[in-house]
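Shared chain: chain A. Partners: chain B in the first complex, chain C in the second.
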Partner chain A sequence: MVRLEKGKFDDFIRSLAEDYIVYAAVTTGGKSSFKVVASAGEIDEGRLLTDRSPKEIFFPHSEVLFEYDEDGIRETEKAGKPIAVWGLRGCDVKSLAMLDKVFGTARQMPDNEMFEDPYWKRKYDNSLIFGLACNEPRSSCFCNWLGGGPHSEDASDIFVIDAGDVFLMQPVSDKGKAFIGKMTDAAGASAQDEKRAAGASVAKASGADEKKAAELASGARAMMAEPPDLDGLDERLKGIFHEDIWEEMSAKCVNCGACAFVCSTCHCFDVQDEGKGGKGKRIRIWDSCMFPIFTREASGHNPRPLSRDRFKQRVMHKYSYFVDNYGESLCTGCGRCVIVCPVGVDIREVIKRVLSFEGKGAR
Partner chain B sequence: MIEELREKVKKLLAGGDVELVIGWEKGSQPLSSTPVFIDSPEEADRLVFDSTCGNNPAVYSTKDARRLVKAGKKVGVVVKGCDARSLSLYVAEKQVKRDNIVIIGVPCRGVLDSDKVEELAGGREVLEYSEQDGKITVRGKDLDLTFDAKDVLSASCLACIYPDAKEYDIFIGEARDGKPNKEQNAAIDEFEKLSSEERWKRMEEIYSKCIRCYACRNVCPSCYCNECFVDQNDPQWIGKTPEITDTMIFHIIRNLHVAGRCVECGACERACPMGLDLLLLNRKAAREVEERFGYVTGIDSGEKPAMADFREDEKQNFIMG
Partner chain C sequence: MSNTYIPVNMRVETIAVEDKEKALRTFDLVFVDEADGKRFTYMPGQFCEFSLLGKGESPFGIASSPTETDFLRFTVNRTGSVTNEIHYLREGDTVGIRGPLGNWYPVEKFKGGNVVIIGGGFAFTTLRSLIVYMLEHRQDYGDLTVIYGARNPDLFLYKDELAQWQKRDDLTLHLTIDKPVEGWTGMTGFVPAVVRELAPSTENAWVVVCGPPIMIKFTLPVLAELRFPDARVYTSLERRMKCGIGKCGRCNIGSKYICIDGPVFSMEELGEIPETP
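And then the complex of A and B:
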């Protein structure tokens, strides 16, 4: 573990920005999202959770896949500076790792070719993720229901703890270890290389730092309520697929896409061609299973015609189907959906209701 | 007040006067109560009403066909002044039969704009909320703050003309008369002073933050088309990206489609996860309709809506330029 004094944070970000496109939480007009920054002053450090989810760094709301005109097809640029993300909370770090399972895993296509998503991989594979510990989780947070925690290092390259005057940085992945190694080497060479020295203002963490980090971790964990046991939730959901309970649980849902669009793991998309005359572009755009058009077929038939059916799909995908496909729930408990839902649907209450349901199909 | 409401609802349900009552109950988030559907007297104690009841419950009487009891069965709806206007509009637009709804008015003192509360709380999470005599108190870790309700009310409420239901079957307490006053919205006055280029720029500023989640549309009581034009793909009228041109088309068409039908409840603005100022254009349109056609939406369910009516003496300068 190394320590970075906050007085040198700006130097650190500026130096990082030389080698990386640096994303961090920025607040404009009262709403926050991850944006490209060049200095520490632009970063909203006090923000626990950004309003918009950081998935858009790697999987933007709309992304041009290729453009075409009379001269041919041009794919979107593949190369570029690698991305570094500063200050992702544990839930969001984990979300990106989940999305990597979807987009970054090579899978066999019908023609037997292996395919992995180049648009995702070109950005995510070279990225450097600085996870940031939550010392004070919100009441809407439920990462500890899904195997996470306020000080979870999972999937971070470097895990950062805000310890008052200093950031304590723990390298986690090989990439993270190499980065911190370079920084500490640079610190040693600082006398010779002034420019490097600016970004290399780290020192080895002291025993007192380590103790402080452990205290903050246990303090944060204690702030979160004991989670319910979600073991078997995926099977239970399948068992009650046809029950009336969905009617009750979805009654107030108005089927907007606010939950899916702020969700850090929802990743369904639509592909649209926008063209005029001889030129145009193909775009990948976020979509949501909450919208009726999401499943409407060319014939006009919609296999999920009712609000209830669409509500159920979102819950099933998160806590059952994704478990079948990838061995874990497609939810990290960030709680953004709980915060934004315009009619107060709280996914935790839905889960609890499913767990307590005793009607037909429950077991 | 709340006891009286619960008792009335219990009686209605027990006596078989209604099958279901739509209202609000306490939600998991302290600053927003959540819609609730009460179908037995025992459940009526769940009902709450205060400044956190920002949703317009009228929306469920058309959108949620499952909840709108089949023909002949009655539904009670607990309403603020603006919500009552939605029901009157539904009756006027023949979406709901007047005989099928029991309108239960509650005295409204305005509802919160949670963004404003959070701004006052300065980043500290609000864990508890209470209100008394026009004062609001929020508490949390290192947070104990009391302020005037008017400092955190929704923009829609600050210029509200009908805080209490105009048309109702039951009113809890005493309904105050509305005061139609188109002069009281400074934001629209300012907007009207702008040149058309400046107005366009202002609109671009607002709508560029849109993420196209359609929360505004889906909580809007006046947006009840079976199929919204943005959901049509044959032909497809509008691009789906959050690119500004398409986003503007969505908002402007929605604005025109609810002109003369918007009750200015502000549910859209409170629902928006990105904090867009969605009321500006809607209120501008409401003012235009009132000035040109002498029509205020949802005040008299017997009156033909402006867009469904034609009078020989109405101003036609918009046609002649």
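And then the complex of A and C:
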């Protein structure tokens, strides 16, 4: 573990921005999201959870797949610096790792790169992720239901703890170790290499630092309520697929799709052509299983005609289908859907209702 | 890195109109770049995304057989915006193709067995691919029985080929139409009723059933009545699709995606899925 004094944070970000495109939480007009920054002053450092999910760094709301004209198709992606993300909360770090299972791998055709998503991989594979510990989780947080925690290092390259006047950094992955290694080397070389001089602010963490980190971690954990046992939730959901309970659970839902848009793991998209004459571009754009047109076929047939069917699809995908395919739930408990839902659907209540249901089909 | 979202160019070689209302057209395509053609190897039952720049993409089952190496065939029913545009294509035009996508009919498993193929309407495309494939490898299979239904005689696909198959003694073809029509010498009645009437033997038999959802819905119970085990009955499913590679989240039934886990499923596999196919 190393320590970075906050007085040197701006130098650190500026130095990082020389080698990386740096994303961090930025608040504009009262709404926060991850944006490209060049200095520490732009960063909303105290922000616990951004309003928009950071999935858009690697999977933008709208992304050009290629452009076309009379001469044919042209890919537009230019090679550039790798991406570094500063200050991703543990839930969001985990979300990206889950999305990497979808986009970065080929579940049915391993080793066949035709089934990998090049747009995702180009950005995510070389990225450097700075996870940031949550010292004070909020009431909508439920990462601890899903195997996470406010101080979870999982899937971070470097895990950062805000310890007051200093950031404590723990390298986690090989990439993270190499990065911290380079920083501490630079600190040793002092001002010889001016470009790396910012690294001089990094020092080995002291015993007091480590103690402080442990205190913050246990304090944060204590702030979160004891989670229910979700073991077997995936099978239980399948068992009650045809029960009326869905009518009751989805009664409030207006299928607006806000949950899916702020969700850090929802990854459904549409592909559309935009253009005039022979010139234009093919884009992919976020979509949601909440919308009836999502599955409506040209014939008019819709396999999920009712609001209830679509509500059920979203819950099933997150807590049952994804478990079948990838061995974990497609939810990290970030709580954005709880915060944003205009009619007060709380996914935690839905899960609890499923767990307590004792009708037919429940086991 | 290869990019599976980029279609490869194919030229429309020939267009055949299948029905009097011109709602069904068959397009035979050839690769503009031969190298693309060499890379493109497929099996009966697989599908492609058919792309028109500026108009979009639609998925279609491949109607040609891998044994027909000169062309790739698609039959397109005009229903939506993309299929409408496809119908405006002329011979010589260039289109984009992504694929082959999805799994295929288990022709290896079928080897040594009798195969009963049940089709309806314009869903006969990949069944044609399967039949042509098996006829090319005829010695690998036992009896081949084809039951094919259409609303009226005009709506059968590949009529010339069906006439040729009628004459073969190594394939039994039963054609049926919904209601009697003057001059029709084939069978009359809906596919499920015809299957019940013909009652194909279950002995060492595999069944492939593909057609409109309503036909599949009423044919499956008949197959169960005839005591075909679920593990020996295969069907091919359709859903709205976009990416074709299991990313865009659109075409699932339960935890299966039609585009990568299907489109071909056995009834045994589908039985484990709570969501209705």
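We take it that the second predicted complex is superposed on the first by the 350 of 363 C-alpha atoms of A that agree within 3 Å, B and C clash if a C-alpha of one lies under 4 Å from a C-alpha of the other, contacts with A are read in each partner's own complex, and residues count from 1 in each chain.
Please note the rule applied: contacts are C-beta pairs under 8 Å (C-beta built on N, C-alpha and C of every residue); 3 or more make two chains touch, one makes a residue touch a chain.
Values in this document were obtained by computation on a predicted structure and should not be read as measured data.
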{"item": "Combined model on chain A: chain C and chain B, fit or clash", "value": "fit"}
{"item": "Contacts of A:340 with chain B and chain C, given as first, second, both or neither", "value": "first"}
{"item": "Touching partner for A:251 - first (chain B), second (chain C), both, neither", "value": "first"}
{"item": "Partner chain in contact with A:121 - chain B first, chain C second, else both or neither", "value": "second"}
{"item": "Touched partner set for A:308, first chain B, second chain C, both or neither", "value": "first"}
{"item": "Chain C, chain A and chain B - angle at the middle CA centre, rounded to the nearest 10 degrees", "value": "90"}
{"item": "Which of chain B and chain C A:136 touches, first, second, both or neither", "value": "first"}
{"item": "Contacts of A:41 with chain B and chain C, given as first, second, both or neither", "value": "neither"}
{"item": "Which superposed partner A:297 touches (first chain B, second chain C, both, neither)", "value": "second"}
{"item": "Touching partner for A:272 - first (chain B), second (chain C), both, neither", "value": "both"}
{"item": "Minimum C-alpha separation between chain B and chain C after superposing on chain A, in Å", "value": "6"}
{"item": "Shared chain A surface residues [contacts with chain B and with chain C]", "value": "270, 272"}
{"item": "Sites on chain B touched by chain A in the complex", "value": "27-29, 32-37, 55, 59-60, 63-64, 66-67, 115, 119, 123, 125, 127, 141, 209, 211-215, 217-219, 227, 231, 233, 239-243, 267, 270-271, 273-275"}
{"item": "Residues of chain C defined as touching chain A within the complex", "value": "1-7, 9, 53-58, 79-80, 83, 96, 213, 238-240, 242-243, 245-250, 252-255, 260-261, 274-276"}
{"item": "Chain C partner contacts - residues on chain A that touch it in the complex", "value": "65-66, 68, 72-73, 75, 102-103, 106-109, 113-119, 121-122, 238, 241-242, 267-273, 275, 277-278, 280, 282, 284, 287, 289, 294-299, 301, 303, 313, 316-317, 320-322, 324-325"}
{"item": "Contact set on chain A toward chain B in their complex", "value": "29-31, 46-47, 51-52, 61-62, 136, 138-140, 247, 251-252, 254-258, 260-262, 270, 272, 274, 283, 285, 288, 291-293, 306-308, 338-340, 342-346, 348-349"}
